[in-house]
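Dropping the structures in below, format is structure tokens.
Both complexes shown next keep chain A, but they swap its partner, so chain B is in the first and chain C is in the second.
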Partner chain A sequence: MGSRFLAPAGVIALVLLPLLLQAIDQAYYIGFAARILIYAMAASSLNLILGNGGMLSFGHAAFIGAGAYTVGILAAEGVASAWIAWPLAIGVAALVALIIGALSLRTRGVYFIMITLAFAQMMYYIFVSMKGYGGDDGLNLGSRSVVGYGIDLKNELIWYYVCLVLLLAVLVLLNRLVEARFGRALEAMRENETRMSAIGFATYRHKLVAFVIAGAIAGLAGVLLANHSSFISPKLMHWTQSGMLMVMVIVGGVGHRYGGLIGAVVLLGLEELIAEFTLYSQLGVGIVLLAIVLFAPQGIAGLFARSQTRHGS
Partner chain B sequence: MTSAAVLEVHNLSKHFGGVQANANIEISVSARETHALIGPNGAGKTTLVAQLAGMLRPDSGAIRFEGREITRLSTHARVRAGLARSFQITSIFARFSVLDNLALAVQARSGTSFSFWRPVRADADLFEDARQIAGEVGLAERVGELAGALAHGEQRQLEVGLTLATEPRLLLLDEPMAGLGPEESERMIALLQGLKGELAMLLVEHDMDAVFRLADRISVLVAGRIIASGTPEAIRADVGVREAYLGDSTA
Partner chain C sequence: MSTTLLLEQSLNGLQFGLMLFLLAAGLTLVFGIMDMINLAHGSLYMFGAYLMATFAQATGSFALALPLAIVATGLIGVLLEVTILRRLYQRDHLSQVLATFALILIANECVRLIWGSQPMMLATPAMLSGPVELLPGLIYPSYRLLVIGVGLAVAALLYWLVACTRTGMLVRAGASNREMATAMGVDIRRLFTIVFCVGAMLCAVAGALLGPLLAVQVGMGEEILILAFVVIVIGGIGSIRGALVGALLVGMVDTIGRAFLPMFFGAFLPPQYAASLGPGLASILIYLLMAAVLFWKPQGLFPARG
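For the complex of A and B:
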């Protein structure tokens, strides 16, 4: 089976999923599925810089936080319109990514990991100390953003489809971008940055643009996450969140076009599944992740890619 | 110093801690000239190339390219201005095909790389140019191979090809013969002979046979200083050079 059929089949499955859940009286899981879609978006954006760009950013949660808090603070100040709040939130996240990226991308390797982590933790502590907006306890949004046109985001089914449409849009954008001049150059910089500058590429600027795009998309994921639970807290920016996104990318497939999606499905699905059976869900998830990393070092998407090449081209 | 100098280096110095890698270097390359730079290991040749390419900041001195001061210009800006380097240690995109390697270099000089939607594959001109360069460096039959799977000699040809693809007017070649067998060396010399006269070259090389066959002018770098500069005949006859570097037996 070629990946040509895999993608449309996946889309159809995702479209039908909530209807199926309703039919078997498990509508509770529609919300859970929406959460997976949101994390898939965040992980996919990380995969652009981590997988395609080779930038080991350990602070991706900062952009989720920037998006979520922009929506949250605007809601607290009485601005509930999605048309105002969402673009603004994406813009704020992009700006935060621009600042963090501009400084971090001057460093390499472990220093880059540490500095992105440090910036995200800084954001975390800033919002912990912002008592006006809930501080440590977080902030209740009261309701989801208002879209109008008869679309009520509080309806779980509508909410799921909004998340799905946005995720698909992001995936199409990322897939196009990776195959376009921009993405090819980005991947070549991951391979050999010195050579790229020696053939005339402004590598720093190029990577910074990728970093900002990833930050903006993570910001949108933050917007959705804030709306999803109508609640935000500094925990969204905690380093464990950044770490979880990295695990999703690694498990799903670093640099694979659906790595983020697969990783989010597997990781969040596993957590939910194992929590059904045992209190020690984290231990169980850890063991399964260990097995995946050991037996599928290219991630789960890598397994598919390998079996495809084995069946001949 | 000729008036049509493509590259002029004045009083260039660089030290690493207590080691003076380059001391008051004066060197120039005229238009279409092949200027060879020779010298024993550790003489500071690669340090000089790195400064000319913008990968190392000189402590003092000035670099002028086509009359324009470029001492503080970034590497990529120099490449776009027409000054490109090759590497002594092969620096290619090992996991990309030969064609993709060259297409990247073509992409760098043709149009924007901030194009996010149109697939690279649809960019026929890019691959057309890449194919042509592959032909020029003798890799026409190998365009589909992964660069990492090429033989060492072929990788050296690709190394030169990547540099050529930027359409330089001055080529900085850092030991293009490094690690090549006799047959591969002949192929590389033929390749460079084909380029000779088309563009200016600063050729850093240990292979004296290649140097004397290719160079219009030779400069000798010893312990960070240029100790002689002149025609191949003059350098061959220079007593100081023979003592410092060539060794009496080679003459």
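For the complex of A and C:
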């Protein structure tokens, strides 16, 4: 059965979910669901470079942080309009991705993993030392961004739908990119970069463009994350955040169309579920992850469909 | 005054660098021979420190607890290698990152379950708690001198082991070309278990010695793990010599930077800028160093593979 019916069914389910939660008096979970959507966006952007591009970036949280801090700093300086702050934040994240990518893509393999990690750590420490904007303790935004037109982002239901619409837009964009010549070429570079370069593709530039697109989308996820909790802190850029995003992609399915979404749902859902029963939720998460690597190498999406990806490094 | 401070900070840098070397040595060999990314290396360091604190409390003797902690951590390392990590050698880097990331989560929670969330206290041994005067005006804690001494001794021992023994020769052969070493009849599997055990024991030494200086707490492994990664990337993956040079470089640059950059900026910037710029730049200095090394020498300073 194709994803032809699966995708519309999924969208309908996501649209109806908050209404259902309200009906059964569990409105608390609407915010939780919005958080999952935001992480799904971040993980999907990572999946473009990690899954389709074969670039094992261990510093993706840096772009989330760039987006979140742009919104946060603007808010602290009195600019609350989403129409100014959000595009600017995405631009800043893209710029950061351009700089980090341009340097990191000169290396490959393990060195690429490590240098992206190092850049993310740099960002982390830079914001830890920025005492003017909260430093280690983080920064309270006070409120969510202002959109106008009668749309109040502070309303949890509206907020959920804003996140949903943006996530769907990102997923459509990413899918079209992957289906297009751009994505096909990217996947071919993952399999054999030398050959792609021999037949005339500018592989470095091509990969860098993918890296910047992924960074910009992660920046948008950062914008949403900052708004979601109205709070930012360097923890957004901590290396475990990058690790968690990687875990989401791998759990969901590397290079799979909905790998990021599935991964975010499974991982955050699992965390929440295990936290119901025990204080030691990370133990359960760790054991499940280990089991997935050892017994389901293709991720959860791969359990249902034969995944077409073989990622190299 | 300034020379004394510089000497003191250099000794601190040396001490930190040597401890980083103990961690990086095991990591770089695992990396070099098996092409395996082991994020859980820092967890062994954490286990080493916790076991040390426990044994020290139980026996009341620092000297007795140290070998116990080293052996116990070595056993944990072997257990980990034989049960889980061995299955990951043939897998891609992505799976290795995920699996060992999961191991970190598990290890942290296990430590929390066994020892609780509160940091543990590990006292310096009583006879080494006082300072000594190295030079006129240069007073230095004797415990830190012990750490430097042990670090140098272990580094020398390791160098002898790798450079002068038959096992060391096999390790070097495995690091430079695994396929060829296997074809020549080297039992890489057994070799790797040995390397992993030694690596775990080195982690324990570092954890046990740094325990009284830093806090023994959950998550202590991750911070230092990233530094160890920086070290081996700077030094060149798989090279012991590179790990030593990289570790000393990182230890020195980090320590000296933290001590002097705030002062340096304070000399010509208004205090409110200097106060945030100095520590900020100091904390990213080693990452800048790593980025610079990778930019000009993408294989590290001492590539193990020719």
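The working rule: the second predicted complex is superposed on the first by the 305 of 313 C-alpha atoms of A that agree within 3 Å, B and C clash if a C-alpha of one lies under 4 Å from a C-alpha of the other, contacts with A are read in each partner's own complex, and residues count from 1 in each chain.
In this section, a residue touches a chain if its C-beta (ideal position, glycine included) is under 8 Å from a C-beta of that chain, and two chains touch if they have at least 3 such contacts.
What you are looking at is a predicted structure, and each value in this text was computed from that prediction instead of being measured.
Enquirer: With the two complexes superposed on chain A, say which partner A:182 touches: chain B (first), chain C (second), both, or neither.
Expert: first
Enquirer: Please name the chain, chain B or chain C, that touches the greater number of residues in chain A.
Expert: Touched residues of chain A are more numerous for C.
Enquirer: Considering only touches as defined above, state whether A:56 meets chain B (first), chain C (second), both or neither.
Expert: A:56 sits against chain C, while chain B stays out of touch.
Enquirer: Should A:125 be classified as contacting the first partner (chain B), the second (chain C), both, or neither?
Expert: second
Enquirer: Let me test your reading of the model: by the given contact rule, A:285 touches which partner, first (chain B), second (chain C), both or neither?
Expert: second
Enquirer: Should A:191 be classified as contacting the first partner (chain B), the second (chain C), both, or neither?
Expert: first
Enquirer: Just to be sure I read the superposition right, which of the two partners does A:201 touch: chain B = first, chain C = second, or both, or neither?
Expert: The answer is first: A:201 touches chain B but not chain C.
Enquirer: If we count contacts the way the header does, which residues on chain C are in touch with chain A in the complex?
Expert: 31, 35, 37, 39, 84, 87-88, 91-95, 97-99, 101-106, 108-110, 112-113, 222, 226, 229-230, 233, 237, 275-277, 279-280, 283-284, 287-288, 290-291, 294-295, 298-300
Enquirer: Could you please specify the touching residues of chain A with respect to chain C in the complex?
Expert: Residue positions touching the partner: 50, 56, 58, 103, 106-107, 109-111, 113-115, 117-119, 121-122, 125-126, 128-132, 239-240, 243, 246-247, 250-251, 254, 280, 282-283, 285-287, 289-290, 292-294, 297, 311-313.
Enquirer: State the interface residues of chain B toward chain A in the complex, per the touch definition above.
Expert: It comes out as residues 53, 55, 74-76, 79-80, 84-85, 87, 91-96, 100, 104-105, 107-109, 111-121, 123, 162-163, 165-166.
Enquirer: For a test of understanding, state which residues of chain A touch chain B in their complex under the given definition.
Expert: These residues of chain A touch chain B: 173, 176-177, 179-185, 188, 191-192, 194-203, 206, 209.
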